[in-house]
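Order of writing sets the chain letters: A, B, C, D, E and F. Residues in each chain are counted from 1.
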Amino acid sequence: MATGAIVEALPDLLVEPLVRAALLEDLGRAGDITTAAVVPADAHFRGAVVARQPGVVAGIATAAIAFRLVDPAVRIAVERPDGSPVAPGDAVLRLDGPARAIITAERVALNFLCHLSGIATATAGLVAAARPHPARITCTRKTTPGLRALEKHAVRAGGGVSHRFGLDDGVLIKDNHIAVAGGVAEAVRRARRSVGHMVKVEVEVDDLDQLAQAMAEGPDAVLLDNMPPEILRRAVAIVAGRAVTEASGRITAATVGAIAATGVDIISAGWITHSAPALDLGLDAG
Amino acid sequence: MATGAIVEALPDLLVEPLVRAALLEDLGRAGDITTAAVVPADAHFRGAVVARQPGVVAGIATAAIAFRLVDPAVRIAVERPDGSPVAPGDAVLRLDGPARAIITAERVALNFLCHLSGIATATAGLVAAARPHPARITCTRKTTPGLRALEKHAVRAGGGVSHRFGLDDGVLIKDNHIAVAGGVAEAVRRARRSVGHMVKVEVEVDDLDQLAQAMAEGPDAVLLDNMPPEILRRAVAIVAGRAVTEASGRITAATVGAIAATGVDIISAGWITHSAPALDLGLDAG
Amino acid sequence: MATGAIVEALPDLLVEPLVRAALLEDLGRAGDITTAAVVPADAHFRGAVVARQPGVVAGIATAAIAFRLVDPAVRIAVERPDGSPVAPGDAVLRLDGPARAIITAERVALNFLCHLSGIATATAGLVAAARPHPARITCTRKTTPGLRALEKHAVRAGGGVSHRFGLDDGVLIKDNHIAVAGGVAEAVRRARRSVGHMVKVEVEVDDLDQLAQAMAEGPDAVLLDNMPPEILRRAVAIVAGRAVTEASGRITAATVGAIAATGVDIISAGWITHSAPALDLGLDAG
Amino acid sequence: MATGAIVEALPDLLVEPLVRAALLEDLGRAGDITTAAVVPADAHFRGAVVARQPGVVAGIATAAIAFRLVDPAVRIAVERPDGSPVAPGDAVLRLDGPARAIITAERVALNFLCHLSGIATATAGLVAAARPHPARITCTRKTTPGLRALEKHAVRAGGGVSHRFGLDDGVLIKDNHIAVAGGVAEAVRRARRSVGHMVKVEVEVDDLDQLAQAMAEGPDAVLLDNMPPEILRRAVAIVAGRAVTEASGRITAATVGAIAATGVDIISAGWITHSAPALDLGLDAG
Amino acid sequence: MATGAIVEALPDLLVEPLVRAALLEDLGRAGDITTAAVVPADAHFRGAVVARQPGVVAGIATAAIAFRLVDPAVRIAVERPDGSPVAPGDAVLRLDGPARAIITAERVALNFLCHLSGIATATAGLVAAARPHPARITCTRKTTPGLRALEKHAVRAGGGVSHRFGLDDGVLIKDNHIAVAGGVAEAVRRARRSVGHMVKVEVEVDDLDQLAQAMAEGPDAVLLDNMPPEILRRAVAIVAGRAVTEASGRITAATVGAIAATGVDIISAGWITHSAPALDLGLDAG
Amino acid sequence: MATGAIVEALPDLLVEPLVRAALLEDLGRAGDITTAAVVPADAHFRGAVVARQPGVVAGIATAAIAFRLVDPAVRIAVERPDGSPVAPGDAVLRLDGPARAIITAERVALNFLCHLSGIATATAGLVAAARPHPARITCTRKTTPGLRALEKHAVRAGGGVSHRFGLDDGVLIKDNHIAVAGGVAEAVRRARRSVGHMVKVEVEVDDLDQLAQAMAEGPDAVLLDNMPPEILRRAVAIVAGRAVTEASGRITAATVGAIAATGVDIISAGWITHSAPALDLGLDAG
């Protein structure tokens, strides 16, 4: 069903520090005392990371880096790149090397992979449910602290697109800004004056009146928050292609089709990063 | 219903670096360009972080530190310490100070608080469902990379207890170890010889035969993996108080009562840290 | 003459780590051995950082943080916020406190302040020379490694605007990309498909043919590289408001007026960040 | 004309963290989105970093490390080691490898290389202008925050020598110290008593009276600040080889010859590190 | 005499950052200026790290990593793994490679190796003196700041066992805790209630009365502090195998035999980590 | 007897990161679980760090920072600054504040203080034994990895002086350098040519022949390694004040007097940093 989108991996320079930190968090001050005591130094392990649920995988690089950081002698073959759909039993990553290293790195590798694949799978579910409408699915800044780059990447692996990455690479004027600025039009004007030519300005509106005020200032995008489909449809008509239209609020697989049918360009959902359940994958010998 | 357990906050020395990193992740290279453009420097904000769902809160310190790091002039009053149950509309944290700082820190503060409160709430749900049996709820090492200390703390706020923190502070012999070591008894013997007097040794067993072999070596705890209640009950009888008994596998609010009724000491669930949905809290003015 | 633009300081959270690192670079492993040997612990210093040249100041916060980090007991009064024009003799920052701390921090404080004020002054010179045309001055990614956020901020203090901050917050397709992609139109098409709705796409063109091909794909901005004024004028006419026009290449105070007169929206100069001479400021007692 | 001095590269252990940080500064949170979208993963690039101006190169290692860190598969051949004079068109570094990596690392590599080569070139200009006198050219602590080790290295590549590296590895008593200490003789005495046998003591003097007082205490070096050549000549006669003599203040290619002719041992200039224009080098295909 | 115990090396992921930091501490801002000036770039060195005293080695990995980090071209052969006894003249590590790298890394490599081997040797001395009694030797948290993981590892190489690693992985109730808690029994009860099933609870007692109170609460271990052998013997009898018994206080090679003879399980000594003299090893050519 | 020398504290900017790292090493992932469980949040502690042995204290700032970092509410009064002699029972630092914070920070504070005071005490012992000769006591680069700045400071507190801090701030030509360079004279010549005017050149010599060769090149200092007093005396006569003379090798309180009597300027001992036993200090209530 959900199919995802094969995407380029993030640069190792960005990913490796996160994986290293996660390994150190797990190794603590004395390393893997169980494996050191129980597994002989020369024991060999051959196996694979295997899906136990259907979904879309993301974060293969994080898993590969985890095994490699513990021991560069582990040989790794990627069977399913980020964005691949998987069925139960599908091998995602094959491993062959020192048993100690593979067992020590296993949990960290899976913690990344299951978490990111969960996000990709949730995104792919919304993408599938929004078809055949052209609306694209995106996420928000409601991400897990420290993992935003990986989670945004997982959304793309699920077939979604990125929203702004943080507070500095796009203007998004929200209700609290508007309240303090004294109106939506004034807020958009101030933002326009302040930013450079590579920064887009988006403004959140709660109703069609606010939308009309906002459009008068020429924003690049409008965030139509918590509007029912019939209002969204009227909002799309008002905007009439002069700005990107984004719908948000209570987006689920059940509701996203009707929202996409209104003609909005973008549909954003916070839960795909903050509440998507992990996808179940495990390490199997053999 | 679920009530949680008031717990001591983690030391600021441990928490502040995580919050600082999350703020820098969001501020990027140029800071909050929307707020700088739209909100006057002298604007004031008074409001509260308010629950929009029932649950148990955890991570109040992370939120407080987020606001304080952006501007020490923000005055903060904690209304509900970690472990408190909340109902929709309950104020958790009151804020009073420069509008810019509060709006800039809002998302990072909520990202921590909603994530950790989600974990506390999921834990509290299991704790409630396991009553009146004495079994305690614990989590696993299936945590979000980088956030383990906070997530383990959230489990305690939900009324659960900690398992080992990482690979170095407890021995947990699993199926892959046993396969390589050539048997459960040999694995426990090796672990016993290797570790110091402050480290406990737990071993995972899949059936009652393995349990008998394991018990012959005197482990501190046995992890009874994926056993149905009737087998668990027999396992508890076999152990007969000579070790701590831990049940794991497919633990949900629906199943946990029957499992607790078997007399096991500990019930562990991975999903309360890796798949608990975020608890919905938001920042309201006024 | 050059007047700059009063701008908000960058968040302390971004600036302090840079200043702290610079102090540690200077203190080395033993601290300020001259001051420890020569200046009594109870000696007091009162004085000011004073301009010795006309220009525009930027980086006041870096200097203030340097003194504060060495000793929080130093009292600091900002006389000229970032973006202020200064004449020789103008006090920019007044200091009053322990002589040791002020003398120890002096060089690091001035190294930041003179460097950033040099950039602001260079920018302000171009801004003044481009008047009364509406073209705005911007910088490039040709910045000093490690100091990009501060240098972009200094450009804004000089009255300029920011370009993209890095490789990730805007698409800028350059000659090497076009060569590999097989043409400017194809390159823009690929970029459009790839990025989200908050990311702008700019493309560099070397002549009017390329410009025509690029415009067919609807870029947000075109970078008109190294074109003489008469060609720029024709380019502006071709674009006809459908994209932002940016001129670059050999921009100096002598040439910028003629380029601004062509009607381009943005003029970018690499040298204002990589080769602007430091503005001379010094610490005077009294 | 200016020829520089072939020097040993700094240890990779010192240089790599700076280059890594600069790459992360440029990659931001999502990496090079232009190259990922536009350049195919299998595209190959062969080319060279080429001088566009005459000068002396420094920082070859920084550039090589930048390409290597983005992709170890990039093959790199150094054509001109640090300290080599270059003419326009000279290839400095040849590159052969994945196009994506080379294009992504290009700007960071050049930002280091152009900045450091600018410093080497400025230094070499002073060195040439001071010939045939034996005076050596040195820099000060007026360096770019975070880059001091690299900039001091670039001065050596330009044919200069190092001054102290920071506040901790040499005593340099300046006017503010003397004012607080109650006289130049007392200041030198205090410093002498305080430091170990491997630390040199230099003292700044403004006139010949101060010089005489200072010399009575046997400093290792005297800094003759802002003295015209005729005074410098008398100062050199007074010192008579008992200390190293260093001249500073308004040192340019036009003035340095006359100053060197006075017989001073060392001539220091702050601008060669804080205000030297970048040397123009670029990446050419082919 | 003292023989140590061959132990697994700590994971490189834990050790490398410490060695890297020590090298940077020694290289400072300009690297090894003596070697750069005096040793030709193509000079070769072949030699070995050789023991000059009898003892037990620990920290071989730290030394090997030091040489490898300075130059991966240094070939390294380990002759004596951690825990090996050595006699004067025994080669511990053979080196073959660039002379510069080996000379530059020498001191850092030896600083780690001599320090850790000193700890292993001191531990092995106590282990030997405690024979043939079954008591095991352990260390405390009185370790050198920053080096605890390495020092605990060295204790194991000397034939000892680990105590808890820090404040978080075991409960150890001491006199100050008891004073505040209002009694030893209450303190143990509070600890029991608070911790999870993988954490052991140990309590320090000063006399047999306190011991009796403590035992009533079922601690996992009791720390018998500063008791003479005859009291220890009675304490062991009181505990009667219901808890691990640990003796501490004034443990030396002269006293440890008599203490071990009392039947205690564990003997802990702070001085083996905080005051063990370094073992003398040096780098010899040839 | 041994009296030390009151010295300025190192800058907090240098010390705090070391103390913070040591606290995090001890707090691990869950903080002080014993104190959290046993000590009430509102318990108060008043007490002092007290000497249990005679000696010289150093590192008071490290201890004070440890308590302050855990809780800024702890009030701290320094009774004995670094360099003070202490007798058993002398209070060094008084503390008054939350019991939890003081008990949690106690071990880290003492680990620094006892280690550094041990070094100061060892140094002071040599200083006393060398009287009334003018020779000064210094240390080497045989320091504990990561703690060099603190240990060099402790040597000064003991009445000693600093040697070079690392490989970069002084030239010290040793036997391995000389072997590769082809002679002591050539080695000194190469060093002289390479370094700037603020760097001193010292050379190690093993006999009087080598000394004569070295002196012909005008080194700043000569290291007379492992020479008996009668040879040292002749060496001092040969040098005749033209260079600083430093004696090293087997320096103890028993031998240092005879060595000082030879007239050498400096006596260096590695063991005062690598093998000095910790000075016993403890935390007492009341």
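FYI, contacts are C-beta pairs under 8 Å (C-beta built on N, C-alpha and C of every residue); 3 or more make two chains touch, one makes a residue touch a chain.
None of the values given here were measured: they were computed from a predicted structure.
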| item | value |
| --- | --- |
| Any chain that touches subunit E and subunit D | A, B, C, F |
| Farthest chain relative to subunit A (centres taken as mean CA coordinates) | F |
| Self-contact between copies subunit C and subunit D, residue sets same or different by half | same |
| Contact-richer chain pair (by C-beta pairs counted) among B-C and A-B | A-B |
| Separation of mean Cα positions, subunit F and subunit D [Å, integer] | 33 |
| Mean-CA-position distance for subunit E and subunit C (Å) | 52 |
| Separation of mean Cα positions, subunit E and subunit A [Å, integer] | 45 |
| Sequence positions of subunit C contacting 2 or more other chains | 25, 27-32, 36, 104, 148, 162, 165-166, 168-169, 195, 199 |
| Complex interface listing, subunit A residues touching subunit F | 25, 28-29 |
| Residues on subunit B engaged by subunit A in the complex (per definition of touch) | 18-19, 21-22, 25-40, 43, 45, 99, 103-104, 106-108, 110-112, 114-115, 118, 141-148, 165-169, 171-174, 176-177, 179-181, 187, 190-191, 193-195, 199, 271, 274-275, 277-278, 283, 285 |
| Complex interface listing, subunit D residues touching subunit E | 8, 10-11, 13-14, 148-149, 152-153, 162, 165-166, 169 |
| Subunit F to subunit D touching residues, read off their complex | 136, 138, 161-165, 168-170, 195-200, 202, 220-221, 244, 246, 265-266 |
| Sites on subunit F touched by subunit B in the complex | 20, 23-24, 27-32, 36, 41, 69-70, 104 |
